[in-house]
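This structure is in structure tokens; I'll ask about it shortly.
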Amino acid sequence: MQEDDERGEGGIALGRTLALSDGIFAIAMTLLAFQIQPPDLHGNEVHHLASALGALGNRYFVYVLSFAMIGMLWLAHHRAFRHIRRADEVLMSLNVLFLMAIAALPFPSAVMGLYGSEPVAVVVYAASMAIAGSLLGALLLLARHRRLLTPETSHEGVVAALWNSGATVAVFTLSIPVALVAPGVAPYVWMLILPLRVVGGKVSRRAAQE
Amino acid sequence: MQEDDERGEGGIALGRTLALSDGIFAIAMTLLAFQIQPPDLHGNEVHHLASALGALGNRYFVYVLSFAMIGMLWLAHHRAFRHIRRADEVLMSLNVLFLMAIAALPFPSAVMGLYGSEPVAVVVYAASMAIAGSLLGALLLLARHRRLLTPETSHEGVVAALWNSGATVAVFTLSIPVALVAPGVAPYVWMLILPLRVVGGKVSRRAAQE
Amino acid sequence: MQEDDERGEGGIALGRTLALSDGIFAIAMTLLAFQIQPPDLHGNEVHHLASALGALGNRYFVYVLSFAMIGMLWLAHHRAFRHIRRADEVLMSLNVLFLMAIAALPFPSAVMGLYGSEPVAVVVYAASMAIAGSLLGALLLLARHRRLLTPETSHEGVVAALWNSGATVAVFTLSIPVALVAPGVAPYVWMLILPLRVVGGKVSRRAAQE
Amino acid sequence: MQEDDERGEGGIALGRTLALSDGIFAIAMTLLAFQIQPPDLHGNEVHHLASALGALGNRYFVYVLSFAMIGMLWLAHHRAFRHIRRADEVLMSLNVLFLMAIAALPFPSAVMGLYGSEPVAVVVYAASMAIAGSLLGALLLLARHRRLLTPETSHEGVVAALWNSGATVAVFTLSIPVALVAPGVAPYVWMLILPLRVVGGKVSRRAAQE
């Protein structure tokens, strides 16, 4: 949608890149819920629907968690791309790689919903999120390296935008050894992203005002 | 798409917010139908296809109902966002929370299609819709609080836009005690949304003309 | 995307209406293919993969047919909306109803792929397509009635745009009695849409030139 | 999004064509991952989750491969359409045919993930990719034939844009006889696309500068 700033070739490329990205984010987020299917009850079991729905408890928790995490990655993707003025094929290719990590997230999320007490499930989930965060950071560094940033982007602005990706990677990587010892504790480690993100938002706003 | 009004940062953020929102609405609406799978017939059973399709009757009804309800929420989202001139990260985060409620709707809808005569199924369905409606109202109040509304938006315009969310929340919350006593009556309570919406539309148009 | 012509409220409404419509068309079309799942082979059966894939023959045919039909409805939706300059809530509501018919199409398509030799499957498929075509025609008539058409739209232009919807409705309605007698013949009746569409295209271009 | 260049009818048609295309690409790419479902473990089997996830190894490989290939086709679609200034109904119809090939790709991809050591699976996969590449080349030739290209498009630019489609078709067609003899070797043949694409990118940039 930033093609208004740049009506040339790089601007059209940016418009389609954002359209594909928003599409993949939207589908991955909606499929998170589609992984939860209604219980299959027959005859008199139907009267135990409440307890059958309650037994899916952990899956609702994982849905809310994963939706919030992918939503946060979408916000971070927006935060990175508002500094990018046009796209070239190298940036578009790395963005496809980033989207490959995003589109894959419903799978570790479903594994986590089914087997959340197994260390392997938590490690796979945390590693997937860390990979997505790393690729997002790489996208921004690549854009700076290839001079695709808007002229107004200050050094502080890039650092602030990298903060979010960095916080995601750090928190999820840190949670991997925690998950190996105590898988139930790892989600509490992930909660650290929220205060880090608030700090990042403040840094980002301060950089924008300078 | 409102970025034409505001070409700055808040306008781009609004463009991507609407793109993600329309994507999630489109997928959630289409997955409602995908929850209905063809009957699995073998050998001579194939000649009873008509009755096997007829046995899915309640699911078609729930598809039409849920599609109409999500479609109405999409219209209400549009009605709220046409008063919003730009988006900031707080509004984007609350919108992600609203989309979390929308993306989840195919699940209570499938439960309702399978076990519509159970009070629990109807209560879960009504509660999901009431939550989505509440978050939409909260979005508009947040936008007003953070001064993100268009300058032309009158106090009456905001009240009219809140009317729809309020009607949705009221009708679905009211239907929960009804569903606990008589689950089959609750869908008739929901029909009350239609006349309330027509009234809301008239109020909204009058507010726009003043 | 027509908001460039009309930057006011009706133009924004049109932009979001087209975004939701294109999203639902895209998902419904892609889910057509997702209805075909790979055969489930174990052990030595794997060496019979070729014949197992061949046994799905009718489903590939229904995929190609349904994708072409929904693609044609998408083209007809575009042909109708290029005459529409802005959207109001009544038009948006009828468009949601039209999208309800589009989003439902993967279901009759899957039934047809599985039980294509049963008259019921063919009748359900033809009736679904006829309903979608009727709603599209109604959309255009409503837009004319509510004075939402572009000023350049001539009476001939509306007639030409209605031609496609009318041809779809006529051909699929006509095929229903045919399907009841000989279900295998109905798809050949549907092929009549192609020459009718070519004629409609010529009429449309002539109307545009006058 | 190129409607800024052409605000007339052909430009609006182009905008909706790109919206539908990006939507179908996004969904097909995300459904690739959805084909991989978590293992179904009960009781003590849960402790063997790591090996159950490891047993899906080939499917992760096929996911990465297919996502990269569809991503490359998306980039090639963008490369073709940046030379196209407006769309007419013939181009839109051929684009729907191309999207039919794209939307179908999750199916051969799932077959390849399950039965990748069977020659038939590899041949079906390679043939699907070759068909998609051919239709993309045909799109560009049709656009040139119907004078829908931008005035700046040089003969060299068209040749460079055709290079990618041609390379995809050549490599996948070449891999079919290879797959019949040694299915495990075919994916290495596909890797040839990467160097060919780099060459194509250089040719394309040189053509753009001349």
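All chains are identified by letter, namely A, B, C and D, in their written order; residue positions are counted from 1 within each chain.
Heads up, the rule we're going with is that a contact is a pair of C-beta atoms (placed from the backbone, for glycine too) under 8 Å apart; a residue touches a chain by one contact, two chains touch by 3 or more.
Here the structure is a predicted model, which is why all the values come from computation and not from measurement.
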Chain copies touching (subunit B, subunit C) - same or different residues, decided at half shared: different
Size of the rotation, in steps of 5 degrees, that lays the CA trace of subunit C over subunit D: 90
Centre-of-Cα separation between subunit C and subunit B, whole angstrom: 25
Subunit B-subunit D separation of Cα centroids, rounded to whole Å: 35
Junction residues of subunit A - those touching two or more other chains: 4, 19, 23, 26-27, 31
Contacting residues of subunit C [partner subunit B, same complex]: 3-4, 7, 9, 12-13, 15-16, 19-20, 23-24, 26-28, 31, 89, 92-93, 96-97, 99-100, 103-104, 106-107, 110-111, 114-115, 118, 120-121, 124
Contacting residues of subunit D [partner subunit A, same complex]: 1-2, 4-5, 18-19, 22-23, 25-27, 29-34, 36-38, 41, 46-47, 49-50, 53, 63-64, 67-68, 71, 74-75, 78-79, 82, 201
